[in-house]
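Have a look at the structure below, then the notes.
Chain nomenclature is as follows: A, B and C, assigned in order of appearance, with residue numbering initiated at 1 for each chain independently.
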Amino acid sequence: MMRVLRTIPYTVIRMSRDYITLLLLLVVPIILITIFYFVLGDLKNQYGDPAFYDTAQLMTLVFQLFGGSIVIAHIQDDLFSPRRQRLMVAPMSRPFYALSISLCGMLYSIFLGFLLFLFTGIGLKVEWGNGFWVMYIIGLLAVLSSLVSLILIFAVKNFKLAERLSEVYGIGCIVLAGLFFPIPDYTVITFINEYLNPLLLAANAIGYAQSNLFPDAYIYMIRLGVGIVITFIIVFVLGRRKI
Amino acid sequence: MTVFHFVLKRSIANKTSLLILFLFPVVAIFLPSGEYWPHLPYGYQYFGIFILFISLKLSGLILEDRMRGIAKKVSIAPISHFSYLAQNLLAYFSILILQCLILVYGGVLVGKELYQPFWLFILFITFSMASIAFALMWISFFRNKEISMLIFMSIISVIALIGGVLIPIELLPEILQKIAIMLPTFWLAWGIDWVVFGGELKEFLLVNGMLILYMFLFLITGSVKKLH
Amino acid sequence: MRVYERYFRFVIFWRIAQLLILAHLWLISTAGFEAIVFILLLLIVMSIRIRFSIPKWSFLIEIVLCIVFIPYFPFALYGLAIAIFEAALVGKWWLIFPMTIFMIAYPAFDITLIWYSLLTVLVGSFTYQSMKERKQLEKTLDKERKEKHELEQIKMELLEAYFEVEKAAELKERNRISRELHDHLGHDLTGALLAIQAYEQVENENQAHSLLEQVKIRLSRSTTRLRNTVHNLTPVTYIGVDRLQRIVADSEPLLIEFQYNGNVDNVSSQYWLMLEACLKEAITNVSKYSNATKTKVELDITETLVRLKIHDNGTITQKSVNGSGLRSLQLRARMLKGSFTIDRQNGYLLVCVLPIQRRGK
């Protein structure tokens, strides 16, 4: 246990040195949100709020969907590559090590989300509502995305395929949320968006809380939480077999 | 044409790539149309971005050759660098032509409103040429396929946004509108507008001429012989 | 094929900077897409220039492009600076005069433009000059390198020729000895042997006596001949270990102790010459630079190698430069596939090790 704890600083250093992830999950969203800031300007949505607020909030959440790639890249490096053999002979508990990597990855992803939140909130003056609630929801979304990615990497043998599938999960959520183009109103799709699509669940939880409709916000938050519990059980079952 | 033959085979050898290569154009046909904008159905509007990604994925083969030392073997084989590159690019180009054909012809068959399908097809073809050349230049900066793809992704998301593919160019601030003219996607968007609204043939020739100029620029800078 | 390696990287930076200036001018102007076409064409010409070697007059392309595009994009006038730069880069800096006249004659005359092209021509000419100088220097360097290489080659060849000559001399000497032995000594000895055998058979007293006389004459003649031959063979100078001893004895004021062990016949004459050179060099060095009171010379000869070790008890450890004598000794040792090392850490120590090649191999 102590030995695993001692690896944490190195895990953090490794994650912070992954500049490509930093570019994709921090720099690109900042650029995109800034462009949208200029594009949308003072445009108002149907409720009279600036349309840019919704876009900025959604963009911030969208990039949380891809946070899972941090976790699975490190799990793959340490537990499923030739390095696995070295870890097998190391005198420490592998499940705990996997847990510590996952937690670090999730925290890192949440931290990136926090930076985006700060950038949009302070730099671009987006109104987010209660900051703690927002960070809580961003955290839940990041944890859920990481868990989904973990399920993929445990269930699919080919790492590249798992990576692609986690991208499909992210892009699929975006497409279903209707960000690329309007999605037709089929019952199935509406159901998915209402109960399953984590992006919209998080966006709604934040949105309702902003207009002080906390009962609604709690419902969406609980749906996210249920998603986390279910995915965690699957990860636990699959992970016990694989690690 | 041995290289051409085998590059073609390698490009479609694995099931996932085959799926990505030919399923997407079919799916793109059935994507819905927008209310005010874009003027063409979404599948056609976004096809330019798809072409960019596919060109990079295909030309990843050249990067793989360089990484695995096959480029070194080729350089002492009785085949010129020019011929090797030309056959590679030709193979990628023929795959892209096929995709454009599926998209445009399928759209006509399904009965989508494409205004001038033939000119749209020509436009996609010239854009494919420019985008293959761009991919060739792009991979000459990198030594690793994954990293080249990831950075490409981040660049493309910005280019698509300010290049007039994701949102209409008129919405952008003036300075970004000017910068957008430098991007090949701007010309694609202009070409699509021409296809929708019609106009003088001269204008369409200008758009295609620009794309071909870009192709030459990227080809010249990208065709450097690199042996890692 | 990669032509641009010959250029300074600076040239490429300057070209890109010029294009960036044009792009900036376009951004602040109201010109439309024609400017982009113009800049793109310039970019293409530039990339061709970087990738391939194209003729010197190619700056004309840029001039034509600028003149064609000026009606659409007034700032294309600034593009002329690129042409001026490229012209200056190939030594045609005088192009600035007609250009300046053209710029002044042009309605939208601008003093900044003149200043800008002046700057360009300065940078271009400077680069041209330094590139020319560099090329000249590289040429000289190449020449020197080539000459040095040739000299080394000649040295090696001379050393090889020396061995050939040595071998030929040895063969010649061997021939002479065998001819001498065969023609005279062999003859007489055979005659004497036959006479002795006949003497055993003969019964007549007189005849036997005369035979014995004959044997005596023959043997005495053989002895003389043998002495002559051997005397002829003995060289006037000393060789081998005697020679080394003599050198040591000649260096009288120095106190040198010489000892050797092993079979000195194993060593061929070229090795002796090498060892002698080493010894001489070492003694010279000791007498010149060292404060030693005692010098020890050891020569060990085994079946497979010869080792000469010269060691003095001097205390001067300052490093003197390896002179040409030592360098040539090193070279010769390498020719003989041996090694030659000098150490000044603990007195002056010179060790020369040479492998012995078996005869017939």
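Everything below uses one rule, namely that contacts are C-beta pairs under 8 Å (C-beta built on N, C-alpha and C of every residue); 3 or more make two chains touch, one makes a residue touch a chain.
Here the structure is a predicted model, which is why all the values come from computation and not from measurement.
*Asks:* Could you tell me which shape the graph of touching chains takes: line, ring, star, complete or other?
*Replies:* Chain contacts: open path, no cycle.
*Asks:* B-C versus A-B: which has more C-beta pairs touching?
*Replies:* Result of the comparison of A-B and B-C: A-B.
*Asks:* Based only on mean CA positions, could you tell me how far chain A sits from chain C in angstrom?
*Replies:* It comes to 67 Å between the two C-alpha centres.
*Asks:* Centroid from C-alpha atoms only, then distance chain A to chain B, rounded to Å. What do you get?
*Replies:* The answer is 30 Å.
*Asks:* What is the distance, in whole Å, between the centres of chain B and chain C, each centre taken as the mean of its C-alpha atoms?
*Replies:* From the centre of chain B to the centre of chain C is 56 Å.
*Asks:* Which residues of chain B touch chain C once you look at their complex with the stated criterion?
*Replies:* 175, 178-179, 181-182, 206, 210, 213-214, 216-217, 220-221, 223-225
*Asks:* Quick one: which bits of chain B touch chain A in the complex? Just the residue numbers, please.
*Replies:* 16, 31-32, 34-35, 42, 46, 147, 150-151, 153-154, 157-158, 161-162, 167, 171-173, 176
*Asks:* Show which residues of chain C lie in contact with chain B when the two form their complex.
*Replies:* Going by the criterion above, the answer is residues 1-2, 23, 26-27, 33, 36-37, 40-41, 43-44, 47-48, 51.
*Asks:* Name, in rising order, each residue of chain A that touches chain B in their complex.
*Replies:* 20, 23-24, 27-28, 31-32, 35-36, 38-39, 161, 164, 180-182, 184
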